[in-house]
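Okay, so chain A shows up in both of these, paired with chain B first and chain C after.
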Partner chain A sequence: MLAEIGLVAGFLSFLAALYAVAASVYGERFARSEAWVISGRNAVYVTFVLITIATVALQVALMTEQYQIAYVWSVSSPDMPDLFRMTALWGSQAGSLLFWSFLISGFAAGATLANWNAYRRLMPYAIAYMMASVAFFIGLVVFIENPFTSWWILPDGEVVQTALMPAGAVAPSASRLAETANGLNPLLRHFGMAIHPPMLYLGFVGFVIPFAFAMAALASGDLSTNWIKVSRRWALAAWLFLSLGLLLGGRWAYDVLGWGGYWGWDPVENAAFLPWLVGTAYLHSVMIQEKRGMLKTWNMFLVIATFSAVIFATFATRSGLVDSVHSFARSGIGVPMFAFWFGLTFISAWLILWRRSRGELRDEHRFTSIFSREALFVLNNFVFVSLFIAIFWGSFGAPIISELFMNTNITLGADYFLQVTPPLFVLLYILMGVAPVSAWGIASLARMGTALLIPLALSAVSLALFIFSGVTNPVALFGYAIVLMSGWVAVVETVRGAIARRRAHQESILTALWALSTRNPRRYGGYLVHLGIAIIGLGVIGSTLYQVETQQTLAVGESMSIGDYDLRYDRLLSNQIADDGRVMDIAELTVLRNGAEIAHIRPRQDFFPEARDMNTMTIAGAHSTIENDLYVLLVNWDEISANRATFKVYINPLINLIWWGGLILIAGTLLAAYPRETLPVRVRQALRLAPQPA
Partner chain B sequence: MSQLSTTTQGVADWEKMAGASSQSKRREFPKFLIGGVLLLVAVGYLIISGTMGGARYFMTVDELVSDPQYVGQKVRITGAVVGESIVYDSENLIIQFTIANVEDNPSDLALALHNAVSDPTIARLPVYIEGEVKPDLLQHEAQAILSGELRADGTFYATELLLKCPSRYEESVPAQVQAEPGI
Partner chain C sequence: MKFAINTHDLWRLCVVIVIIAAISLIAHVQVAGAQDAPVTTVTDDQVNAIANKLYCPVCENITLDTCGTAACADWRYEIRLQLESGMTEEQIVEDFVRRFGDRVVGTPMDPLLRALSLGTPWLLVAVALGAVALVFRRRRTEPVAMPASPAPTTRYQDLLEQDIAG
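== the complex of A and B ==
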């Protein structure tokens, strides 16, 4: 029953999405008919309702264990806890595409609902672009990767997987299906995996909104900053989700993959990072258009590049284009996805060139000074785009071009990225330190210098702390100095604003801070994000340059030492069975520092008796402090006596700053998206002073 | 108050600049141009030198073994892991195993891997890795992607190991269902 509901709702939502595109374009462009346009708008909502029904149907099928549905059979099994039954919705290709379609359709419906009245002129075209994307993804679900196909036994005994029941076929027995069901890949049974994909998908699909409104601006001819105003919060939300998705992915890798790291320059990781890079460039450069009416074409280009990178990342991940730990199995969606990506990029580029050739994207100001804020923002954009190009080239460009034109296959490993990206990141951090104290339009080096004095002094003091703690490598110190500087600038600028306000308004410093952040959430939210990024930077430098690793075999009662820590092996608990059926071998260790016991950690190995293929998992035990992580892997142990065990131990300095910086980044982005009072102070005061009507 | 006056000062400065003759624009323009070109050259240099240093030929076991010119060169290879060959010295973190040749881009990777390890006539290559904990995915019929070099002793010394189990995400016919239909 659920399979039929899903099939029908999915198919109807596909038709509704196509109708929304057709009715909007026909009504606005050709018939000039309000009725058609409104009908197209309503189809947006209908599409969302229908795809929601399909998604709920699959989720219910997973929760109620309908193993006849092949998708449910392949990603869940009777012994799985409910949490992973829920997350199994995106545990494999077909389900995750359905979930993705649901999200993108939800974004489209939300943006339509929120902006219909205020931006009536842009809406029909925005709907057309959004719904074309929605229709494409629903089409993939319905026609190529349908999660609602079921197992059938044909009269001749052959077992097949089809959407509709073949003539004379019978359903396999429920108990047999339940016994043979696959279960979710053990690697994906982790809290991080429960939220990493949805966050990443939300980040990806969210960028459809700025993209659609940019295209709507080009198509409708409303080339004011309306499209930017409409899409700013959507872009921020998408950026936030994407950042979170990347951070959670790193956290998952760190917890589950057991190699002591969080970022491996794997092509699929890079693919998700690419839209983040151009998206971040976009969030900065739209400010120039809003304040100075410049870079109109460039902003269009960036927003298109961002969504194009999203589609490319999806294509690269899901089509099996690159070899990676993440990649889905080779799949039939490669060609349609590539065609969609190519078509979308081509049409967008053509629209920009067309409007440009008509002189409608001319900038209102020109660059006057190298140290003006707009020039620094352009430099910021240049670096982001350079990073984009370098990472794209390393992950996809070089392998694809060498295969197409040189008849060999050349790949670039992690050492390429470690050589090319650090100088660019350094440049970004320098800009992050300098740009906030620059001014629009003019260059005032003296003023910038003065504003940088206090952050410089604070950076010198905090750098001294690093030197005191034993950092002597000049490269590391240089990195720390740049990053500290960028963080302190954000802090000092905020505090300076608060102090000035306190003087003017006789408020306490906290009230002043609060008032500042609510009056100008964009600026102070932005500074908070900068601070978060700086803190992440410290964590990355520390954990990359100063990771210590060792490995040793211990008998029960023996200790080993690493860094300031001693690690004592207490005992092994073997064959512990968890609720979900996994069999765990757990080593218990005591962490000592200066002779005092400070923690107990339990690295373990899990064995999944029912899983096929991949059935063991090494889970690290970690003792986390702000200073570092002591990260221990149980490598091997003596099966019979359980007396001796081998451990691989890492010390990852400052790694927790990455996660803490991430939290600050979230807070900052939320603040930046906070609705602010739109009337200028003078007007508000005048309103307050005006005589009240009797 | 003091803030307000700096702002007006700033605006005044700006208006002076904006109203300035096109001469100043012309003076600034070459700076932007030169700066831009220098940056482009620098980034181009970074990418090219990185590519030179980081490039690895990606090849199959057959291609590597059949051409002696690759001995001692850094390459990336792919092959199917032969399960019974895996030897793991956990005391010293040394992993040794054998991979069998798999064709480039097979249509059914799982089948190709299975065929590769089942057929003893297919080219095989012993692999040696030091300093790595045995990955959970290192199993029979997994696809291994290795970076490293083939030395004269005929062993591939790897520095980087990536593994894939292709059937992880794929649905295949439930064999037991087939064995007992309709029960």
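== the complex of A and C ==
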């Protein structure tokens, strides 16, 4: 029954999405009919309701173990805990595409509901573009990767998987299906997988809103800043979710993949990073258009490039374009996804060029100084785009071109990325430090220098502390100096503002900080984000340049040393059976520092007997402090006596700053997106002039 | 035909069996010993230092030191043997590239591929920089647009202005 509900609801939602596109375009462009446009709007809500029904049907099927549905059979098993039954919704291709469709449809419905009255002129076109994207993804779910197909036994005994029941077929026995059910991919049986994919998907699909409003502006001819106003918070929300998705993905890799790191420069990791880079460039550059009426074409290009990168990332992840551990499913969606990506990018580019050729995207001001904030933001955009180019080339360009035209396979790994990207990141951190102290319009080097004096002095003091703690590598010191400067600028600018307000209003410093943040959340949220990025930078430099690793075999009772730590192997607990059926081999070790016991850690290997692929996971044991992580992997052990075991041990300095910096980044983004309805100047003036009540 | 066996023959047979068993046992212990605890001066860290620079030829984008497959364990053992035989790190990496191609290293060793891989992004960035410079140069001669007419206001602002207008 659930399969039938899902099938019908999915198909109807596809029709409703198509209808929303057609009614909106016809009503606005051809019939000039409000009724058609409103009908198109209502179809957006109907699509969302229907796709929600389909998604809930699949979720219920997973929770109630309906193994006749092939998707449920392939991603769950009777011994799986409820949490992983829930996360199994996005545990494989078909379910994750349905979940994606549900999210993108939700964003479309939310944006329509929130902006229908305020931005009436843009809405029909925005709906058309949003719902075209929604229809495409629901179409993939309905026609190519349908999660509601079921197992049937034909009269001749053949077992098939079809959406509709074949003539004379019977359903396999429930007990047999339950016995043979695959279970979720072991790599996905982690708490991080309950959060990381939804965050990443929300980040990806969220960018459909700024894209649709930019396209609506181009199509409707309303090229004022309306499309920017309406889409700014949506873009910030999408950026926040994407940042969270990337951070959680890094944390998941660190906890589950068992290689001591958080970022492997894997093509699919990079694919998710690419939209973040152009999206970040857009969030900066859009301020120039708002403040100075400049870079109109460029902003259109960036917002379209961001969504185009999202679709490309999805295409690369799901089509197996470049193989990696993430390409968990390959199917027939590659060609349609490529066609959609190409068509969307081509039409968008054509619309921009058309409007530009008509002189409708001309800037209102010129650049006056290379030290002005707008010029520095342009430079910042250039660096973001350069990073995009370098990472795209390393992940996709070079491997694909070498295979297609040079008949050879190459992999550009961490070696390549660590040679090409650091100069660009250095430039980015320098700009992050300098741009906030520059001014719009005309700015001078002398003025910027004065504003940078205190942050530079604080950076020098901080750097001295690093040197005092033993950091002598010139590369590391240079990196720390740049990152510290960018972080201190954010702190000093915030404190400077708070002190000025405190003087003016005789408030406490905390009250002044709060008042500043709520009165100008964009600026102070932005500083907080910069601070978070600076802290992440410290973590990245420390954990990359100062990581120490060793691999040794110990007998029970023996110890090994690494850095300031000693590690004693106490015992091995073999064949421990967990509730979900996994078999665990757990090593118990004692961590000592200066002879004193400070922790007990339990690295382990999990074996999943029922899993068909990748049935072993290496879970690290870690002792975490702000200073570093002692990260231990159980590599091997003596099967019979369990007397000897081999451990791979890492010390990852400052790695926890990455996660703490991430939290600050999230707080800053939330602050920047904090809704504050400002009154236009003329309204404020009118309010001031109005007679005050007695 | 009558087959007879006497006590002496039995005794001799037993001695032969014991000798064979003892030889087998010693041989087995020697083999097992070699498998369990190879006498080697090469440490795991030395092996991993090289394995970290090589990508698994079978899996995608996983370095040999972290790959958990049996094939990679064999390749790590092979690196150990190569180190024991006196090969340098460079020779071992070259040997893997010769056998599996440039995909087993993070940047290709082939000079042309290497130059293309590392040089192209900078070339593209330079082209982008040139394009930006060109656009800005042209912009200086273009007339600026009039500031956009006040954008159609939001519903909230409309309501406020209506309230103010009375």
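What we mean here is this: the second predicted complex is superposed on the first by the 668 of 694 C-alpha atoms of A that agree within 3 Å, B and C clash if a C-alpha of one lies under 4 Å from a C-alpha of the other, contacts with A are read in each partner's own complex, and residues count from 1 in each chain.
Throughout what follows, a residue touches a chain if its C-beta (ideal position, glycine included) is under 8 Å from a C-beta of that chain, and two chains touch if they have at least 3 such contacts.
Remember, predicted model here, so these are calculated numbers, not experimental data.
Is the arrangement of chain B and chain C around the shared chain A a clash or a fit after superposition?
Here chain B and chain C cannot both sit on chain A without a clash.
Is A:V208 touching anything from chain B or chain C once the two structures are fitted on A? First, second, both or neither.
The answer is neither, since A:V208 touches no partner chain.
Using the touch definition from the top, say if A:L223 reaches chain B (first), chain C (second), both or neither.
second
Please work out whether A:D363 is in contact with chain B alone, chain C alone, both, or neither, and reply first, second, both or neither.
second
Go through the superposed model and pick first if A:T646 touches only chain B, second if only chain C, both, or neither.
both
In the superposed arrangement, which partner chain does A:P172 touch: chain B (first), chain C (second), both, or neither?
After superposition on chain A, A:P172 lies in contact with chain B alone.
First (chain B), second (chain C), both or neither: which does A:Q551 touch?
In the superposed model, A:Q551 contacts both chain B and chain C.
Could you look at A:A57 and tell me whether it touches chain B, chain C, both or neither (first, second, both, neither)?
neither
Mind working out whether A:G157 is in touch with chain B, chain C, both or neither, as first, second, both or neither?
first
Once chain A of both complexes is superposed, is A:I333 in touch with chain B (first), chain C (second), both, or neither?
The answer is neither, since A:I333 touches no partner chain.
So the two structures are superposed on chain A. Out of 7-15, 43-51, 115-123 or 169-177, which stretch of chain B collides with chain C?
43-51
Can you pull the chain A residues that chain B and chain C both touch?
Residues common to the chain A contacts of chain C and of chain B are 258-259, 266, 323-325, 327, 365-367, 382, 386, 389-390, 393-394, 398, 408-416, 419-420, 551, 553, 616, 618, 646, 648, listed in rising order.
For the complex, give me every residue of chain B touching chain A.
1-3, 10, 13-14, 17-18, 20, 24-25, 28, 31-32, 35-36, 39, 43, 46-47, 49-51, 53-59, 76, 78, 88, 90-91, 93, 104, 107, 109, 133-137, 139, 143, 145, 147, 160, 162-171, 173-178, 180-183
Chain B touches which residues of chain A in the complex?
Within the complex, chain A contacts chain B at residues 70-71, 73-74, 92-93, 151, 153, 157-159, 161, 170, 172-173, 176-177, 179-180, 185, 187, 258-259, 266, 323-325, 327-330, 365-370, 375, 379, 382, 386, 389-390, 393-394, 398-399, 408-417, 419-420, 423-424, 439-442, 444, 500, 504, 551, 553, 612-614, 616-618, 633, 635-636, 646, 648.
Would you pull the chain A residues touching chain C in the complex into a rising list?
117-119, 121, 222-226, 229, 258-260, 264, 266-267, 293, 322-325, 327, 359, 362-367, 378, 382, 385-386, 389-390, 393-394, 397-398, 402, 406, 408-416, 419-420, 549-553, 616, 618, 646, 648, 677, 679-680, 683, 686-687, 690
Under the stated contact criterion, what part of chain C meets chain A in this complex?
43-45, 48, 53, 55, 59-63, 66, 68, 101-108, 110, 113, 116-118, 120-122, 124-125, 128-129, 132, 136, 139-140, 142-149, 151-157, 160-161, 164
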